[in-house]
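Each of the next two complexes has chain A plus one more chain, namely chain B in the first and chain C in the second.
Showing the complex of A and B:
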């Protein structure tokens, strides 16, 4: 073991180690002199732990400003154009493509959502007490109403007579959205990438285009509403949604220890 | 190893972290007290990894450490460490559309400062402290590189952390900005523990009470800057031509050569600097690594 010591004179401190302040100045105690000490016989008053609700309230506006509104708007606009243009051009949406257009719209909005985990200040804020999961959850909570409104608009743009089952289509769109979030969160977790949006969007686009073509028929998630397997396939979508949400949530956790298998694997080299 | 003049505020034992087959940290132990401690080492020495581990940005594979008595190996302990921490990473990122004030305010909220009035006072104070009081309403995208670096320092300082981790804060700054940063870091080191990673031996010579030299994920030296300089006593000499026996040598502005290594008989010895001591320490660790490899082979 290589041991070292380093240091010099100085002083401390409140309960969590914040430097004590000179009385009235609002500045850290200067000069390496002992900072303000509690009067004899008096314990330093512990700093009350701030409530999470108060922190979240204070974070709403700044976090809303950090959201990737441009990619979200772009994805949303492309999605609405996809479902709206046929109706605007010909006055109707053909039955056979309504499902495809809605799936395309969901994928387009998902591409925007893939940027939601982008945080250029991630490294600068790596050592703050408010956890990454809280910040990511807040980002999702702020975008959720927009996403719900957007999806409602997309559904309404498809005429009711050719509209696929709304609940099942919403399930597909929700799973796509969570997969988009998962792609971003996984890149952050595995590569410590502050802005994984582009790579996550590319991965989602590739998956969204390749999966219907490459998946074997018995596993396919993309069937027509009149197909016998429609209900069965949407149970798979539900599992996919739940699984992706769980993995996404796991990716947001900040482990206090590295995973054992990684350390063991590394030590074998 | 020399004793600390005060009780340690940061203690680490056996920190080890590997990336694949590479040991970024290999059984590193250290203790830090209040004041500025410099962390020197070549690229790839493990400085940034050590700082990231101490800043709780990445957990170590093995080993333990405490910051101001808090153990980050538990979730609650890590929260307490983070409450005591200010961290300026090697490449600080920003939300470029934020103003300097809004960004530091955002970080202050992330440091659990929820009282708006008190928080704004604190943000103004740290921005004034780093000399950005006049441009606090300016968007970060319009600030120079040096100013952005000061915004990052203000973000690290906000809330008065007891342990400040600074990863190469003077890289890319011009001499005037670097001087300004030295003043800020010296001021920040008064009454708190500051760990400063740098390639600049002048920064260490001017700022630090203590210095740690790392190479290959291992601590090669710890002590005072004077002790590091003393390692080169009698091992620096000048000559009119480059001495082929020197470990390192270069022509100085006066035209003579400054050589570092084992001087020949009758050499004209000159006063060593911290950098000479640092170079010889690295050279010794390279030699030790080479002989260790030969033994292994």
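Showing the complex of A and C:
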């Protein structure tokens, strides 16, 4: 992100006015040289407006380098350990336990994903012309293949004979992951927090532990395989996934102006 | 003058010592306020308060909340605050790591306050929450104990578990922050610990010592027992929790750089306390306790106190003697509908418990008593237990003893149900509740304190018809035809004729079913 920061022209802290203005033409290309006065005697050459593809291409490497890989790796490792160790130790897993393990693994990876929006340089990059949605979307796009590979590995670690329905479990894991992303994005949006990961992970973990205990039977999302309500409950999971994705997308838009409750919480950590 | 100038420095030198601790308390106060404003803590605290309020203001479906058994009510206070405790673990951890996250660690190095005092202050910031939970628990228990129907004795040690758990997990969060200063370690550790222990429990079978290592040791138990038969090492468990909390706190102080000899001595001492508590609580039931459980289950009369109300005798375990008046009210109500000698038969109502299965999951049923005129009653009361007991009383009045009452299949079942429910405040609801499938038509099993009764579809029709008619008209007919109605030779159809209610259809099949 360093190159992007340097490429942002103006140097004004205008992050709240930026959305309305959009990308003005004549701005230097992200990743280009720091703004400097044109050399005397030479006409400043107007540069072409950067295309979105160009911006993204320029961003991929810096974003990939600054992604919080460590929490993701830790979450993924814990998840794989949860699924794998019982198999190594006892050889066979009852299907009720296999379901719990897969859900636990999904939550563990979700805890890692909750740190995805962590960006220590958030305040310094707030002035760049690249929208937050693009930056966050890029982060998610970079992590997505890892997540898919990890989930496949987790599913394969569960013996085939006790594996719960793969599609439905993937739906649950995807909903958990989107909820994790949502927690991080919401913290960024509401509190302007540069590193919301810890708060988001705490919220996700407590939700994950409390929801199975506290949800009334009628609305529960956590059922055993072969239960009559399995399909019905997974339709609810699909709705949850869709709703969380929508709210997440809404959280990616930068607020046009500060709200009052943000001012209250902004001083909190 | 010289004395004055010499006296001053001593006072200046003596002053800083108490003020250091004042700074610790000031920091603890600020941190406690910060903790309260954390979303998880705030949310689960509000949820807990809401849960307590919901318990107070809503009437329960089972109807047994008006008759709490205090040796169970004290344990019921332990689980609800656990979510606050977990929130404490995570948020206290975050609070300690805040300076690292914000890059202000190095500013603290220039302060007079040592890092270990900061650690103590963070641990102390959990104390107000533990105190608040203690007050809530005390309030919840007092509310139960003040109910007129409350019986038994609570235990202070059981009540102390919830606040101590909140404190323990908060201190654990502080310790983990000092040991692993990473923002993502604790949520993952908590999740891994939770799922891992669930697996371990499933794999190893949850032996006693492991169950009691948890902050809250829950043991399954179907029916309330007299408090001296429980055998829960609650006091040892409190010692274990206190020792563990102090040990974790002092480990955190050691990790924070505290090196005073006192600190090490306290750490060793608290480790010894924890170990003592853990070993003592893991010891199994003593032979004397097992013997007492067998005695209470097999020969309850040796432990019981008997009280006479009217003509009948009521034998209860000492903690339940206050409830005999409630039982007597039900017996009086049932006998008021009976005719012949049954209206005045002296009964013996005996309370029974099955303590031998303590800790096992399945509830055992009582074997019916063969003593004539003896009715069994359990340790719970209120709600559905009242019509069930009324069915027990009525079947003994009609059949003579509980053993015979289990085999009723003729018109006597109709009489039993009429006696049991005829004078109930809401007979049709009681009929529905006392039947296992909650129906008011068709054949069904009827719950009773010992073996259940069975009702055929025909008998159900007659009983329903009787309960829907004015009580006085049926009462007169039952009393007038008492001898014939309670004879084993009378069929349900004949009883319907005698009582002047429509004779139900399909009587041939019914006669075959009875087989008598």
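Note that in this section the second predicted complex is superposed on the first by the 207 of 269 C-alpha atoms of A that agree within 3 Å, B and C clash if a C-alpha of one lies under 4 Å from a C-alpha of the other, contacts with A are read in each partner's own complex, and residues count from 1 in each chain.
Note that in this section a contact is a pair of C-beta atoms (placed from the backbone, for glycine too) under 8 Å apart; a residue touches a chain by one contact, two chains touch by 3 or more.
Source: prediction; values computed, not measured.
Asker: Touching A:160 in the superposition: chain B (first), chain C (second), both, neither?
Answerer: neither
Asker: Using the superposition on chain A described above, determine whether A:123 touches chain B (first), chain C (second), both, or neither.
Answerer: Touch partner of A:123: chain B, not chain C.
Asker: Once the shared chain is lined up, is A:205 touching chain B (first), chain C (second), both, or neither of them?
Answerer: After superposing on A, A:205 lies in contact with chain C but is clear of chain B.
Asker: Counting only touches as set out at the top, which of chain B and chain C does A:115 meet: first, second, both, neither?
Answerer: Touch status of A:115: second partner only.
Asker: Which partner, chain B or chain C, is in contact with more residues of chain A?
Answerer: B
Asker: Which residues would you name on chain A as touching chain B in one complex and chain C in the other?
Answerer: 269
Asker: Touching chain A in the complex: which residues of chain B?
Answerer: Answer in residue numbers: 1-6, 8-9, 13-14, 17-21, 27-37, 52, 55-62, 67-70, 72-75, 77-80, 82-89, 91-98, 102-103, 105-107, 109-114, 116, 121-122, 125, 129, 152, 155, 159-163, 165, 187, 189-193, 209-212, 218-219, 222.
Asker: For the complex, which residues does chain C have touching chain A?
Answerer: Answer in residue numbers: 34, 37, 39-40, 43-44, 47, 83, 86-87, 90-91, 94, 97-98, 101-102, 183-185, 187-188, 190-192, 194-196, 198-199, 202-203.
Asker: Inside the complex, what are the residues of chain A that reach chain C?
Answerer: So the residues of chain A touching chain C come out as 70-71, 74-75, 78, 81-82, 86, 90, 94, 97, 100-101, 104, 107-108, 111-112, 115, 195, 197-199, 201-206, 208-210, 213-214, 268-269.
Asker: Quick check on the complex: what are the chain A residues that touch chain B?
Answerer: Residue positions touching the partner: 1-13, 16-21, 26-33, 35, 49-51, 54-55, 57-59, 62, 65-66, 119-130, 135, 192, 194, 254-258, 262-263, 266-267, 269.
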